[in-house]
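Just dropping this structure here.
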Amino acid sequence: MAKKRRLLAHHAAKPAGNHVDAQAETLATLIEYGPDEHDLRETCFTSLAQGQGFQPSHGTLWLNIHGLGNHALLQEVARRFKLHPLTLEDILNTGQRSKVETFEHYLYIVAKLARFDDASGCVLTEQISIVLGRGWVLTFQEHPSGTFGEVRDQLRKGAGQVRRLGADYLVYALLDKLVDRYFGVLEALGERVETLEDVVLESPKPEVLTHIHALRREMLYLRRALWPMREVLNALQRDDADFFLSETQIYLRDVYDHAVHLIEAQEMLRDMIGSLTDFYMSNQGNRLNREMRMLTVIATIFMPLTFIAGVYGMNFEYMPELKWHYGYATVLALMATLGLGMGLFFWRRRWL
Amino acid sequence: MAKKRRLLAHHAAKPAGNHVDAQAETLATLIEYGPDEHDLRETCFTSLAQGQGFQPSHGTLWLNIHGLGNHALLQEVARRFKLHPLTLEDILNTGQRSKVETFEHYLYIVAKLARFDDASGCVLTEQISIVLGRGWVLTFQEHPSGTFGEVRDQLRKGAGQVRRLGADYLVYALLDKLVDRYFGVLEALGERVETLEDVVLESPKPEVLTHIHALRREMLYLRRALWPMREVLNALQRDDADFFLSETQIYLRDVYDHAVHLIEAQEMLRDMIGSLTDFYMSNQGNRLNREMRMLTVIATIFMPLTFIAGVYGMNFEYMPELKWHYGYATVLALMATLGLGMGLFFWRRRWL
Amino acid sequence: MAKKRRLLAHHAAKPAGNHVDAQAETLATLIEYGPDEHDLRETCFTSLAQGQGFQPSHGTLWLNIHGLGNHALLQEVARRFKLHPLTLEDILNTGQRSKVETFEHYLYIVAKLARFDDASGCVLTEQISIVLGRGWVLTFQEHPSGTFGEVRDQLRKGAGQVRRLGADYLVYALLDKLVDRYFGVLEALGERVETLEDVVLESPKPEVLTHIHALRREMLYLRRALWPMREVLNALQRDDADFFLSETQIYLRDVYDHAVHLIEAQEMLRDMIGSLTDFYMSNQGNRLNREMRMLTVIATIFMPLTFIAGVYGMNFEYMPELKWHYGYATVLALMATLGLGMGLFFWRRRWL
Amino acid sequence: MAKKRRLLAHHAAKPAGNHVDAQAETLATLIEYGPDEHDLRETCFTSLAQGQGFQPSHGTLWLNIHGLGNHALLQEVARRFKLHPLTLEDILNTGQRSKVETFEHYLYIVAKLARFDDASGCVLTEQISIVLGRGWVLTFQEHPSGTFGEVRDQLRKGAGQVRRLGADYLVYALLDKLVDRYFGVLEALGERVETLEDVVLESPKPEVLTHIHALRREMLYLRRALWPMREVLNALQRDDADFFLSETQIYLRDVYDHAVHLIEAQEMLRDMIGSLTDFYMSNQGNRLNREMRMLTVIATIFMPLTFIAGVYGMNFEYMPELKWHYGYATVLALMATLGLGMGLFFWRRRWL
Amino acid sequence: MAKKRRLLAHHAAKPAGNHVDAQAETLATLIEYGPDEHDLRETCFTSLAQGQGFQPSHGTLWLNIHGLGNHALLQEVARRFKLHPLTLEDILNTGQRSKVETFEHYLYIVAKLARFDDASGCVLTEQISIVLGRGWVLTFQEHPSGTFGEVRDQLRKGAGQVRRLGADYLVYALLDKLVDRYFGVLEALGERVETLEDVVLESPKPEVLTHIHALRREMLYLRRALWPMREVLNALQRDDADFFLSETQIYLRDVYDHAVHLIEAQEMLRDMIGSLTDFYMSNQGNRLNREMRMLTVIATIFMPLTFIAGVYGMNFEYMPELKWHYGYATVLALMATLGLGMGLFFWRRRWL
């Protein structure tokens, strides 16, 4: 179930509301701020009525919305900020691919927040929509994830460049936090790969294969979230409509470098998993074959011995050896010599 | 048979009529509409005679034709709308690859409608030809598929933008419906992949391989339909001849995003099938090898026991153990000890 | 032998004549025509003397030459049409790769005619050189292949556009016929793939592998002929020297689409062969392993039975069971129970 | 541990100082020089107080810093040379990917120094930051590596072009040394591959697989360091901000060629390892299978012999052969004939 | 040893002389020629003293140098022709990658001469440096290879265009000869592939694998020499500095086509080797498995027979069959029936 939703989250456009959890309460947080230390106003509201009064002030305005169930509120927001109907549809339809779309007076960014669920060993992604206008930023999330908390704290403290530089720097800061989260996911996956590598090198059990298979699938999901993120960051750098000032461009280049770094690390992990699988398979195959050879060697050693016993178990009347007093001892000695000789022979060839 | 037709549907250009089911009745539906609510006229005709009177009005004209058997009608349509002979040939020759061709006064789009036939587990495609002129749209289908019904309903209701925006938006709406159908196909294939995954993880049977093989072939067909569709949507965005207004371009970009999303999901499914095959093969190979090892272990345990029995079955006259009263019991005890010892040894190594 | 010639047909430039069958009679056919119905003159000649009189008339001139053994004639033709020495060398050296070369007053096209030899199951290719000047076309073939017959018939009938449009349309018509031949080759290969698929799914024999291997090699040869053909057709579309009128360009685009279609079908066949090989190998491996398991199961069942028989074959003096009247029957019953029990056990696990 | 740090060295930007060994003493070496033989001044200092007096002179200034623990010094350097905060962060955060960043008045190059640790068989990399301004060069290393020693010696000797040409040539000389180190790494890896190849061809042991697996991983690390280096060198050639004079560009092209050469050699090694693994696996598989066949042949030879012995061990009262005086000898002869015959048969087929 | 030198021939720039065989005598051949038949002067000298008098005349000058041990001579040449220090270094350092470098007044081409050493089955390459100035050509080789002999003969005969066209055509002629040599190498490799293919199809022996492995490695070396050659020829066609006249460009295009042809043939050989390996492995695996199955079948047939013999070898006092006069004959008949029946059964399934 969950798997399927991950594969084909985006279905064709349907009436909004099918896609998101309508039960989830919608919480809007409005922050208006300027470069001055005390120039910050923060408002929270959960319904349209509460939020009706807000008006863009002279500074930078950041409206963050958690939970996409309150359509009336969202439509009102879309109307006030003059969002294109397709943008609103994409915000509500949380199965989009990461992308950037330039509209006349704003830039619409769909990004994916990734986290690693340790319990299930799954890579989970969530859609974050960011709208960057001139002087204002809107962000839309399905659930509160705490990712933007650090940025909010910086704003409140009046520290860093985030207060001095405008809305475009805020978007950079948010994207930076999003990309940071991927490092955690990769680290978790990397640890799993190394654990598996140790297991394979030391005491390979057949279950390893199931773990490798699961890990490969998670890598596919991560990869699918990561590549479009790089495209997004690359597209932002090319940004022709000048939503980003050149001062912020340098920072964007930095996040882009992080994304490239992430993709390389991810590709390397992929190669390592592939190489590990090959190694495990070859090793396992060799091991089983050698074990089979050992068992067959044992059978091969007993074969002629049993044959000899069979020969002297025959009931011919005239079998001179049988009458001989030392016959039994001689045959036993012969068998022992033969058995030990063969054993030694195979031992030397390392087949035993 | 069917397979071959899917592989090489397009043969070299032959006289039209070979390619399509000449028996299928041709049904033309003409819709003329403008932005006003009541400005919509709908006409149906099945032969040339009935349709002779239609004249492009001031609004937008959409002529949809089902069944391509009535050549006289099609040629008359081609003549009236000044279609190039190659265009008519391509419309009739339903094995084209999806493509866009720009002619002086119209744009010719060949698209593929895909659906998943649940009974046979096959991906089936059908050719849809769309001709976009200035103010008019022609669509040609082999069989009625119901794909465009929703668009027709929207037009009739006078709802949405489809009435307000012109012929280019209509083409967008039709392409959107076509692309939507692929989501259904991918979902059906995705479900099959997951079912197979469950089967492989739980109780792999050899038949699984045949199913995987079949699924891989269907993925090839889907891929072959999907990639050119993306190229078509990409080409439409670059449309130099301005058949699409910039207002509609934003919508085209959206359908294009959907197509990219589809291709990624399809590639991921492909990877998943590949990974699943590898996993199944490795698992199956390991399993069989372990079973063989177990069987060989059993043989290896009985080998020395049988040998001992053979030894005391020998007919030497002088074999002191045979005379001993507890000889039999001792040997039996020895055999039991040996057999159990070996069994325990292999059990501990998990070979049994 | 034949294989090697196919691999490295083109050696470094050597004196012309080594490369072609010097024995083959050279037959030149000259067709001059204009748009008017009766404006067509056809001349055949086999030696220089016969052909000396021909002079380009006001219409379009098409000189087709079969058999490249008559160097005097070919050099005379090259001299009259001012062909570059490299062009003549390439015409005679029939191991070229398909290519287009633009010279000052003509366009030189090397194309490959492919056919499938049903007897040997080989893809055979032959070089066709086409020279397009302003108002004239030269074609050079090693052997008469009948490919251009249809075009000649159209010219004679005065039907179609071929008479009305000029030399460039004639070249299009010839290329179209060449590309059409590839569809036949692909169809033949496709049929072989399907036959093999049926064999593999129903009754796989080891010989299948040899057939698959052979088919893969033929795919390589086809691929090697097909890809440069696409490049040629693509290059012709970009034709900067305006040898093709824009009216003919639309037709070239159509042949190009066919070539793309061919390549996709060929790639798909390739994938199908690959997938088939994998499937065959996996299936065959699984099957053999299961058979081995079955045989080993039989041995495993008899192992303990033989052991029991061995025990009661021992010659101890004191073996109470041996004296017992029902001993034999009991042991037989025990053996039967054990044997059947194990048989049932393995039967239930589907190992028998 | 070490492995993980190599995979994901760069985490999201954290307060500087976490990333580098704060214990390592920071040693700054300042060299100022001009084209004249005696125009070279060298200063060493370990703390801010010592270095406070340095002032860029009229010549070229090279400040090399080992150990990044002294933040006060580094920040002072950054302030004096007006480095962007992101640059300082990247210098301290030693897990960057190799890259070039152009700032208004300087070029920031992150490069990776690679060396092969013979003891562990690991490829180790270290980050070298190079800042090229107009007339000055800054280099930052974690540990003294001796790589730049040769350049320093050349400067001191007043020999070569390094004194005559300016700061850009100095950067070329440093990069050249860095790239040279990769040749040593590749050579060490190449020797390992050849040693493994000899082992595989002569006396393959199962441990070989572990070595091959380890080598593949090191190749991945090398590859990951090498490719961005090539990008860096390529980017420097395109250098739009003219930090490199055209005279130096020719030299940069040369280092770039070396990097391309390195990548090709590395890719070739990769292919060789892949091919070696395949060969080893196939060879090993074949070998084990042949050994199993040999063992099974031995069992197969004894099977009928044991059966014959079993037949004459039966206790039927009426078995005429048993009474016959030569019965035993005849059966022994029969067994010998049968055994040797089968042995010969299998020997001829080379199964023994 | 030799292998390593092939892998990493180019180390970082070291003092010249390490790289080349200093013992090899240096032989310089100077040819000056013009379009007139008798306008050709040829001079040979082995030391600087002898060569001191040469002065570029009005025609074309070609200085060919074999053996790079005489540094004094080479430096004098470099000085007279104003070669950049890097060029001289690259000439002496014979492990360069094929490349073209444009300097102000000359073009420096590094090319690789390949030949196939039949004895060792190795592809050997040698570096040829070509310097094309305005009116003069310098060529540098390690050993005399006879490759340029043909060109020299043409010059002496005053035949062909080589005398009429200038220095650029001479370079084309030399490159053409170099590329021609590759055809020989590919042919030799192609023959080996076919021989191996025949061996694999008819009587596969395990040694085949070693041959295939060796061939794959040689393909890697050839590939590594061939690809940069194509790049060189491509770069020459783009030649912006106009060292090649447009008349010669047509000829360069021809050599380029040859190189593309070579690469395609090489890639095809590579595919064929890959496909051959797969086929061999599959075939061999299947064969061994079938043989194992046959042997196991034999064991399986004797298993129940031996069991029956064991049953009647038991020593129970009351075993009625043993008393029966026809007991022995009946049991023998039973065994024969069972054995033959099983044999027939397995024969029919083709397992024997």
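In order of appearance the chains are A, B, C, D and E, and numbering begins at 1 in each one.
In the analysis below, a contact is a pair of C-beta atoms (placed from the backbone, for glycine too) under 8 Å apart; a residue touches a chain by one contact, two chains touch by 3 or more.
Chain identities (UniProt): A, B, C, D, E = Magnesium transport protein CorA.
As the structure is a computational prediction, the values presented were derived from the model and not from experiment.
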item: Contacts common to chain C and chain D (chain labels); value: E
item: Length of the line joining the C-alpha centres of chain C and chain E, rounded to whole Å; value: 27
item: Inter-centroid spacing, chain E versus chain B (mean Cα positions, whole Å); value: 43
item: Two or more partner chains touched - positions in chain A; value: 285, 289, 292, 296, 299, 306, 310, 313-315, 319
item: Going round from chain D, first to chain E: chain order; value: D, E, C, B, A
item: In the complex, chain C residues that touch chain E; value: 3-4, 7-8, 10-13, 84, 86, 96-97, 99, 101, 103, 206, 209-210, 213, 216-217, 220, 224, 277, 281, 284-285, 288-289, 291-292, 295-296, 298-299, 302, 305-306, 309-310, 312-315, 319, 321-328, 331-332, 335
item: Residue numbers on chain D that touch chain E, as the complex places them; value: 176, 179-180, 183, 186-187, 190-191, 194, 201, 250-251, 253-254, 257-258, 260-261, 264-265, 268-269, 271-272, 275-276, 278-279, 282-283, 285-287, 289-290, 292-293, 296-297, 299-300, 303-304, 306-307, 310-311, 313-319, 351
